[in-house]
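In structure tokens below, several structures.
In what comes next, chain A is part of two complexes: it sits with chain B in the first one and with chain C in the second one.
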Partner chain A sequence: MLYLAIVFAFVFAPIITSMIFSFNSDRFPTVPLGEFTTHWYETAFSRPEVWEAMQNSLIVALTAATLSTALGFATAYTDYRYNFRFKSAYIALALLPPTIPLVIMGLAMLAWLARLGISGTLTGIIIAHTVMAAPFAMAICRLRLSQMDPALEAAAWNLGASQWRAMRSVVVPFCLPAIVSAFCLTAAVSFDEFVVAWFVSGLNKTVPVVILEILQGNVDPQINAIGTFVFLTSMTLVVVAQLLITRRRKA
Partner chain B sequence: MAEPLVRLTDLKKSYGNFEAVKGIDLEIAAGEFIAIMGPSGCGKTTTLRMLAGLEAPSGGEIFIGGERMNDVPAHERDTPMVWQSLALFPFLSVRENVEFGLKMRGLPKRERRERVAVWLERLGLEGFEKRRVDALSGGQRQRVALARSLVTEPKMLFLDEPLSALDAHLVIRMQGVLSKLQKDLGITFVYVTHSQSEAFAMADRVVIMGHGEIVQTGRPKDIFRAPRNRFVAEFVGRNNIFAGTVAGGVINVDGTQLPLPGAADGPAEIVVAADRMTVSLERPNTAALEAEFVSEEFVGTAIICYFEGPGGEELKAQVTERELELLAPEPGKHFFLSWEPDAPHVMAVTS
Partner chain C sequence: MRIDGYRYTWRLPLIVWQALFFIGPLMLMVAMSFWLVRNYRMTPDFVFDNWDRMMSRSFFWDAYEVTLVRACVAAVLATLIAFPASYALAFKVSDTVRRWAIFLLVVPFFTSYLVRIYAWQVLLAESGPINAVLGFGGIGPFSMLNSGFGTMVGYMTLVLPLVIILQTTSLAGIDRNLIEAAWNLGASPVRTLFRVIIPAAKVGLIIGAVFAFILSFGDFVSPFYLGGSKPPTLSILIIDTTKSGQQWPLAAVVAIMMIVTLFVVAVAAVGAAYGRRRS
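== the complex of A and B ==
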């Protein structure tokens, strides 16, 4: 228990510190603390580039989450339902993106999207994030499908449901907690993601990219304010995702 | 002759090199309660799945109501099934589960509600409409599964080991429910099971399958009294099987001469049901096998005694409680087993 507490303290200390300083009136992060203030939030959110980045991040996160969840679910279902040659290669390939170093991924994406003429656009970031997040969605959906009684889908066909109808009225409802959870998690992945976004964003910056730009000039408590906001948004999404996965219905 | 409801001709199914069903022929009449029985892996479930359109046959033909069904997809066949796992939809209420088939057929909501209500009442589930299926007991879920399959009023119902997950006392009760339901509805039940007692208690006709083939078809009583070969006799259970050589109306089993009037000379296998065996303390006047008592087992009101025969084979005899008291068996004690001359049934010898 003690070790666990130490580990948690170690992991969360920087974030908690950042949160505390985001409400501190002093210009520099030093103790003793100054007065409580929301000044940094006000200044940060009064900057047009922050608002624009928020908007971009939101559009990218929601679209990429939708796409990667759909893609992840489809991939997982293919794995569940069909057997074919090279299936293990198919699964390995589908799960590959998170293992690629982010810098390489970012560079490759930049080169590829530039060739397609969409680097620097939101579409470009959405595509990059969809590729990166889809494996997570697939893993979650796959876990849920593995809990599904194989007779369930057959029972739907047996009762007169066509393949599509059975998918819509049985498989998707059964997987719904996983699908929502995958959506939240992929949205969080996209919302947080910096490296690849930095490579491909161009003028359409997302929040993490703007944070770095503010930081490059000077140490500014506004960073703490934006950071706290980003952290809480992602955490909420991840916690919701986690709750949906682990929630067990009482028998 | 009228066209049977279901006709299978030379039906085959193979998975790669494995032949699960090796060309079976079977006719099922309308209104019949038929049990397909066999050990696991005998092809009985595969046959049922082909009937329901969940597996495509590798060869042969399936006719239902005179119509060739081979290429009709599952959802266009009116062949509802009760699954071993029940396969109730866990995210739907009892009503929504039962309603499913009607909804797929596009019935208006009011008619769906009415028919669901009728079936829930019929199966003693009124008041459970809004319950979640995982909040029900095993027996209740069983009845929801039945209601879900029968609400569309099909001509036949397939049941794939539906009682295997239930407690023993519930099994007996559900057997009663199923038998009565089948008689009241007058529709065909095709019941797949590995349980001899379930099949024999309910079915009009039993089909015994082994290694992808039909070994014997007949009324439960006939299969029990006159199994075609050792496989059936062993599968049906509570039978004594003797292998020996017949010469002049007498069979020689491990040196013991037993009368077998009318049997052809040569090697033979005979079967004597446990309830046709007589156990005595003294050697009777008729020919008898001397056997060593091993154990007893209470089966309902009767008792099955197990013995070891002269050749080390297991022998079974059914006795009453009164007889058991008189015999006072103890492990190792010797008894004499005999039977009436008409008790043995001569089987086809399997190599």
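== the complex of A and C ==
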């Protein structure tokens, strides 16, 4: 038990530290703490580039989440419903991206998007994030589909519904909680991702890329302020996703 | 036969998307490693210049060794640190506590890794809180940053939650009857642990270690911000080479070497995890 507490303390120490120091008046954090201040939030949020990055992050996260959820759902449904040759290769193709180190994804994406003429644009970041987040969406949708009785869809067909109709009025409603939670999780993944975004972003930076660039400068408590803000945003998304998953378990 | 439009509406998007934006980029990277760079311009070609240049440099092999050794150490360390915690979560606590613990362990995935590393930079600094506390106890100050120790702290921050989740899931899946049978047959707790529990959870333990290896092998943040990037790791090498003008082909060589290494490790691990089951 004590051991468990120590391990958890280690895992959470940096998260809690950054929250505490985001309200601490001393520039160079020491013990004992200085006074309580919201100064770092004020400076961070008075910078136009932070706002711009916020906007970029939001656009990228929402678009990438939409695309990767759609892609993930289609793939999960294919895996659930059909059997075909090379299916295991198909599934491997779908799940492979997270195993490639981020730095390598960044390099490959940069080179490829530069060839297509869209490196340095938000479109480029959206594409990269969709590739990286889609496997998570697929996993979540697949889990939900495996709880669905195959007879349900068949029953709709027997009652004269077309495949499309059955999809619209049976499969999608059944999977809706999973689809929403996949959307939230992939948005959170994209909102947090900085390595690939850093490689391909150019001047259109997202929030984590701005953090990275501040970090390359000096000790700066603004990072704690922005980081705490990003943390709260992501956590809201994750908690919403988690609530949807647990609610569907009870249902 | 009529083409079933419905079926392909669901199946094709992934194939098209991954071909365009996943396989495409990786293939281009492989091709690029054979291109020629002259006067800071890349021209498509098929020459081994980049490979020769990279493979003959000692700094490349130094970086390779550092990265490989550190990732191995991280994998072993993470497995050892995580195991007692996972064991406690799997066998010593109630289901509710375990669910909460796992939820808590998911939280770090969604906090910026960069911010966490920055927090360690602050915590471990020579004048930072940890040294201050140690100072009250009359020890230190230690310089913990810009060292292998710092890098390891960073790696553990990155991989521990995942390793504990994987280990706990696989330990909790063991049939309790198996363990009780071992006890009833008079096996000591230690013997039960090594002869029953660990073999039964082998797959989860190995997969956890492999993920720890993969993540630390590819990470650049910890070795850069906590390890002082001296000596550089392979990922730092890629970044330096990419960001310094048109040296992408050289970076591609390093990247391919990394992928090959990861592939070999993954195959070996899967072999170890599932291979000797049959005997």
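Here is the rule we use: the second predicted complex is superposed on the first by the 244 of 251 C-alpha atoms of A that agree within 3 Å, B and C clash if a C-alpha of one lies under 4 Å from a C-alpha of the other, contacts with A are read in each partner's own complex, and residues count from 1 in each chain.
What we mean here is this: a residue touches a chain if its C-beta (ideal position, glycine included) is under 8 Å from a C-beta of that chain, and two chains touch if they have at least 3 such contacts.
Quick caveat, the model's predicted, so the values are computed rather than measured.
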When the two structures are overlaid on chain A, which partner does A:S25 contact: first (chain B), second (chain C), both, or neither? neither
Touch test for A:S146: chain B only (first), chain C only (second), both, or neither? neither
Contact-wise, after the overlay, does A:S46 reach chain B, chain C, both or neither (first, second, both, neither)? neither
Which partner reaches more residues of chain A, chain B or chain C? C
Interface residues of chain A shared by chain B and chain C, listed 163
Help me check something: in the complex, which residues belonging to chain B touch chain A? 52-54, 73-76, 79-81, 83-85, 87, 89-92, 100-101, 104-105, 134, 148-149, 152
For chain A, which residues count as touching chain B in their complex? 149, 151-152, 154-163, 165-166, 169-170, 173-174, 176, 249, 251
Under the touch definition given earlier, write down the residues of chain C that touch chain A in their complex. 6-7, 9-11, 13-15, 17-18, 21-26, 28-29, 32, 81-82, 84-85, 88-89, 92, 101, 103-108, 110-123, 127-129, 132-133, 156-157, 160-161, 164, 214, 217-220, 225, 235, 238-239, 242, 248, 251-252, 255, 258-259, 262, 266
Touching residues (chain side chain A, partner chain C) in the complex: 1, 3-4, 7-8, 10-15, 17-18, 21, 28-31, 70-71, 74-75, 77-78, 81-82, 84, 90, 93-94, 96-97, 99-113, 115, 127-128, 130-131, 134, 163-164, 188, 192, 194-195, 199, 208, 211-212, 215, 219, 223-224, 226-228, 230-231, 234-235, 237-238, 242
